[in-house]
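Working notes, structure below.
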Amino acid sequence: MTPIKIALIGAGSSYTPELADGLIHSYAELPVDEVAFVDTDAERLQILAALTRRMFAKADIPTRVSTTQDRRAAIAGSMFICTLVRVGGMDARILDERIPLKYGIIGQETTGPGGFAKALRTIPVMVEIAQDVAEVAPDAWIINYTNPSGLITEAVTSYTGARIVGLCSGPFGWTNSVLRAMKVSPARANVDWVGLNHLGWITRVLVDGQDRTDDAIEAAIASGWNIEGDLMRAIRAIPCSYLAYYYHRERALERARTSPQTRGEQVKAIEADLMRTYADPALSEKPALLRQRGGGGYSDVATAAMLAVYHNRGDRQVVNTPSRGAISGLPENAVAEIPCTVDRAGAHPIVIGELPLAVRGLVFAVKSYEQITARAALSGDYRTALQALLAHPLVPSYDVAAPLLDELLAAHRAYLPRFAERH
Amino acid sequence: MTPIKIALIGAGSSYTPELADGLIHSYAELPVDEVAFVDTDAERLQILAALTRRMFAKADIPTRVSTTQDRRAAIAGSMFICTLVRVGGMDARILDERIPLKYGIIGQETTGPGGFAKALRTIPVMVEIAQDVAEVAPDAWIINYTNPSGLITEAVTSYTGARIVGLCSGPFGWTNSVLRAMKVSPARANVDWVGLNHLGWITRVLVDGQDRTDDAIEAAIASGWNIEGDLMRAIRAIPCSYLAYYYHRERALERARTSPQTRGEQVKAIEADLMRTYADPALSEKPALLRQRGGGGYSDVATAAMLAVYHNRGDRQVVNTPSRGAISGLPENAVAEIPCTVDRAGAHPIVIGELPLAVRGLVFAVKSYEQITARAALSGDYRTALQALLAHPLVPSYDVAAPLLDELLAAHRAYLPRFAERH
Amino acid sequence: MTPIKIALIGAGSSYTPELADGLIHSYAELPVDEVAFVDTDAERLQILAALTRRMFAKADIPTRVSTTQDRRAAIAGSMFICTLVRVGGMDARILDERIPLKYGIIGQETTGPGGFAKALRTIPVMVEIAQDVAEVAPDAWIINYTNPSGLITEAVTSYTGARIVGLCSGPFGWTNSVLRAMKVSPARANVDWVGLNHLGWITRVLVDGQDRTDDAIEAAIASGWNIEGDLMRAIRAIPCSYLAYYYHRERALERARTSPQTRGEQVKAIEADLMRTYADPALSEKPALLRQRGGGGYSDVATAAMLAVYHNRGDRQVVNTPSRGAISGLPENAVAEIPCTVDRAGAHPIVIGELPLAVRGLVFAVKSYEQITARAALSGDYRTALQALLAHPLVPSYDVAAPLLDELLAAHRAYLPRFAERH
Amino acid sequence: MTPIKIALIGAGSSYTPELADGLIHSYAELPVDEVAFVDTDAERLQILAALTRRMFAKADIPTRVSTTQDRRAAIAGSMFICTLVRVGGMDARILDERIPLKYGIIGQETTGPGGFAKALRTIPVMVEIAQDVAEVAPDAWIINYTNPSGLITEAVTSYTGARIVGLCSGPFGWTNSVLRAMKVSPARANVDWVGLNHLGWITRVLVDGQDRTDDAIEAAIASGWNIEGDLMRAIRAIPCSYLAYYYHRERALERARTSPQTRGEQVKAIEADLMRTYADPALSEKPALLRQRGGGGYSDVATAAMLAVYHNRGDRQVVNTPSRGAISGLPENAVAEIPCTVDRAGAHPIVIGELPLAVRGLVFAVKSYEQITARAALSGDYRTALQALLAHPLVPSYDVAAPLLDELLAAHRAYLPRFAERH
């Protein structure tokens, strides 16, 4: 049996104990021999490695934790490369959240101009990692949790030969929320999920083979879904929570403007606490505080994907992958977040066909924005970047896009070397 | 030789003298025997019929002008049915222009919520006309100039068996403006035009076989195009003037808000003058005042289409027609405004392929909006109408769409019987 | 819990004990309350019902066996309708095998003109059954094993609203044969299967995630596959055994011509024996003789499909179902035999994309033949039937097709009422 | 005004006087300054150049005729490169005609295994010419008349960046034959032509806008079309004459087998006569004997294409060009012989949509064969060549394909250097 090695790129992430916890709980099925921790922040790398070792020891699993700053060494011999990087750190995120607000647009880590700026910073780094994987461990799978996860997967599959599955805990979580609200066990249900990362909808719910979509909508409404009930009734679909940034953009903007802190500012404070906690040699399990940070789903979807690949399971998971014709009309190489079977050969999209008209336009528009953004991030071309922002449905006009782009590029100059060179 | 009869539905339009003038000038090639005038407004019908008779007499052509309020009688035996109707008249248009402004959205006859309201009023009427044509003159061609022309064509081709070519003078006009600015004769140029009605772009200009797209953009800028030059450079395309409602929406909104009159209000005044002028028995030609009304291109494109059909010419014209795969990914039945060959068998799209990413998202989004709108107009279903407004890129959110829809439906209640019945 | 009822149309089939055996073995997972036996042959119906009752009794499962000649009564209340009918019986099959031989074409039950004649006889009957299902039990699934299975599924999905899964034991069997020859357990393998019913290929074999297609071909050769090794090396795929009728048609023809009996003649004799055996009141299990009849896989794939639907499993099965874009370029409604996930909502194709060039042409050609054949069978139109035969790759020319068609139509006149009426 | 230069590759062809005649007749519209003659056969090159000079002189046009064996020099500065080459000469053609007969398959220059062998010999040469054009005259258009014309165009567009229009006089000729038989002038007709080179059908004929397809079929039958009338009635289409090799293959084979000479053998004799005639200094016009050689249409379609490009006409011509989605389901880069508008920017396919089922299968099958053949010709890979022959609908089986391939490769070894190297 080949020993199982996992490379963890961005191991200094505050989420790492989630993944460690997941590896502990799935050890019987996925007996990992070594996790190679890599991070550009040496201090956080050591803190997280030490904590993980204590967690593994307490759980009595023999998985080794190694640390390195040599990314290619970590990748070599790995079966999975888990990627969770944040280029520019939490300070860059806060800029992503703050700057668009000045232009009357919500600031958000993945949606809108904030997600655009994050993509510009992150795609070149993730593509370099993927090129390393393609060279050093061509059979390995990148298990990506770096945001914007769909766009990262788009860039990696379009511009490298690496294998990648793009994850988000959302589809699993939202689907379960709806079924819980309906008091229906997942085993009795068939839920159609369509769309892109952070731009997905539940478009049909069958229970025991009967169409119960309308009941599902009412249950979501009763459960306090963050989208108006009449809207869901009109489109006959349940949007994921991020779609409130589109459907209720004025409310979201108002909330952001009146909020004393952005989410990034909150998280920055939580993370400082977390790091102190993690560094405590007495700690040998996932601390309760981590729940405030969010991301509990990370471990679930990452281990589910690794188990499906490792055991060649072919079970159904909603992941980000090239859609290859699964959605009628979408370019075949376009990455979507769609139901797939996942096995040793990767993620295989299950046919969706024509999207409902109520969601089709937004999906195609955002997908065009994403494809232009990947091109802009890698080329460092100013005009392409402007084209991308113009294509974003949340950016109202050129008159907003142009100065907003200039401010974003200036603010993040240090993390956008490709633009610096050429602009 | 079959005698040529044309039915003119909406003959009381102030544009009718344009068409009459066109028929005079093309008489040698298209020797029309009879034009059957139909209008629900009996007074305007008689004024325009009398003027047209005087014009034909002065031009010394033998074309007869008949009048009737029996639409099917007019259609019977016709080779062409020219349609130019305005359900609700100029007062309804003014509401279309005024109401959206309250919600911070431009009010416009064809673009945005104004065009949406016009579509709801007009589609059922045009579909009824088309059903008459399909029954009474199944081989005849509807030459449609009723706005929103693309959406009308979409509805007629999706819901009836009638033959229709949807016209707009824009593509011809904008293309010529650019070539004039470049000082290039059309014979030397190959201009790629893509998109939907009032949502089109010039995406490539060849001169003598050489790509001169960048020069074309600079020439458009120098000629005072209504779109920012840097935007055109970024998307490497020349948008049609209606796209300023998208790319410069704040400017357009500001202009509308500060303008003492909407275009509809101006036109209403002009039309009153025009009708007085038309009624003057001394007038026997197209009056100069008509130029202020606009629409000179109507006659050009309508006679071009009729000539192409009548003479089986197969020449290239940009018209609205089901795209049938000409644009990759667009549903095959979706109507687009694209280059076609036009002959006795109708309009045949010339293959375009993948749209440039810079325009693809907007085209697909607006096309989805249009397809939902056609469905809403014919079903009179409130939720479908809400779905349509939500799908429109100029409508920012549900929180704007819902009250805006309510106000539009209430304001136009008299012209929306299908909604009255069901809502 | 809803009681589980299965209708078994064509219950007088000699294969029925296979299915009975399958129901016994899967009773713990699929506790069937009633199997309603239907057959037009009253005698065989009673023999098989009695045997099945004895089998269920011996196995100590409480499943009831009812018999009726009222098809709709049997269908009403059923969760599954298993269909296995043979219009014209074994005598018609023998004609299907004998007649084409005179024209130099192999005679075969499903492939070539024989399968064509079978389709003409069978499709109208299966479509009538499906219409009953659509009316009487619209939520039920037809589990079809009637041949030609792909063509039946094509006709039922194109011309009725019934739910159907078209089965064949081949893909499962051939895949396992190859893996056995490679000495690889299915759990370690990912096998790409593409094509149509009785026209499929294994186009890729991964073992532990590594491409071992070439090894799979060599293993198939070594195992005595019925296709030449150099051919498989040239197309880099392993064809299913029925493809020998295409790739080695002269050999197949020679074998048929020199064989004293057709397969149908053999089976007729076996079936006579089987019926005598079945009628023996002492028999209460599947007799050994049935193995000679073949079709052991029937029970496996039928119970697998029913279990997947009943338990909402979503596991991967190769079935015949509308491909909905899973194969690039194939019309969306075209039925193909492809990997799907099967659950309570039916069979969901997994995306395949572009077929390898080496197999694409034959798949598209046979699919066109099938679509024309379905149309011919239901219309009873002679010209359409001729069009179908002309489209079949095994029919060399019009000069063969025309007299062959005439002879087939004449020979089967009694079972082709739609042609009788119109021709 | 740029001087017009044409390079004529394969100028020693016996067809060259046809083209010379065409240039004379179209001189007013296409005032060519120079035709650069290139041929590997120096003697024929001089004979044809001298004759062409005499023809131009007699016609009193100033077009110069230059000769060279430096292909790139001829191409440099050219606006059009007319290609008409025959690799291996008439002797190779005769082998293409003779060898397949031994295997019970018609031998023919473009259809079947003969066309396959011709393609293997010719594609590498034409691709090299095209690479020269792409480098030396990237804006020039290759006007190809080399057979198999569709396959050549497929290879050139798939593997080089050169511009090419693939011509055949067939579609124009067959269409006119049908209209003549109907006594209908082309101006009143709309004729749908679909398919591939030498594999086309007339699928609809409108006259004055009315469907007269059935009348067209009867007229073709009455005119002595080489396809059975009942077949045309069954498929409701008029096949091009080459389709007799498919629909009546036994007749074609019998004719070939009983014919004392193949067409190549006849042509070889005619050509010897022609060359003697051409060499006669007294000859200064196209000799009557050339009519026996055939190919009168060459000049018509070549000058039509050049005029359309030169004058940016955009008129409708049926040419071989990448279909780009014009035929539903066909790969976008697949070359088809379809109606296009031809202008300065090249050939632009007019949308066809779904092919009629009666012809779809054969088109897709032959297109797959062509795409494999292009790959085989350029790679020199034996297995790919075998794959190609197996994919050809006229090759019945592997058992025929394998020895036939071996004999073809051996017979043409001298002209298949890529196979020699690798096999």
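A, B, C and D are the chain letters, set down in written order, and residue numbers restart from 1 in every chain.
Here, a contact is a pair of C-beta atoms (placed from the backbone, for glycine too) under 8 Å apart; a residue touches a chain by one contact, two chains touch by 3 or more.
Just so we're clear, the structure is a prediction, and the values are computed from it rather than from any experiment.
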Given chain C and chain D, the chains that contact each of them: none
Distance-wise, how many Å sit between the C-alpha centres of chain A and chain C, to the nearest whole number? 44
Quick one: chain A and chain D, Cα centre-to-centre, how many Å? 54
Please report how many Å separate the Cα centroid of chain B from that of chain C, as a whole number. 54
Interface hub residues of chain D, defined as touching at least two other chains: 328
Contacting chain pairs - touch in the sense defined above: A-B, A-C, B-D, C-D
Residues of chain D touching chain B in the complex: 139, 187-190, 206, 208-210, 311-312, 314-316, 323-326, 328, 332, 341, 343-345, 348-351, 353
Complex contacts: residues of chain B adjacent to chain A: 227-228, 230-231, 233-236, 246-251, 328-331, 354, 357-358, 360-362, 364-369, 371-372, 375, 383-384, 386-387, 390-391, 393, 396-400, 402
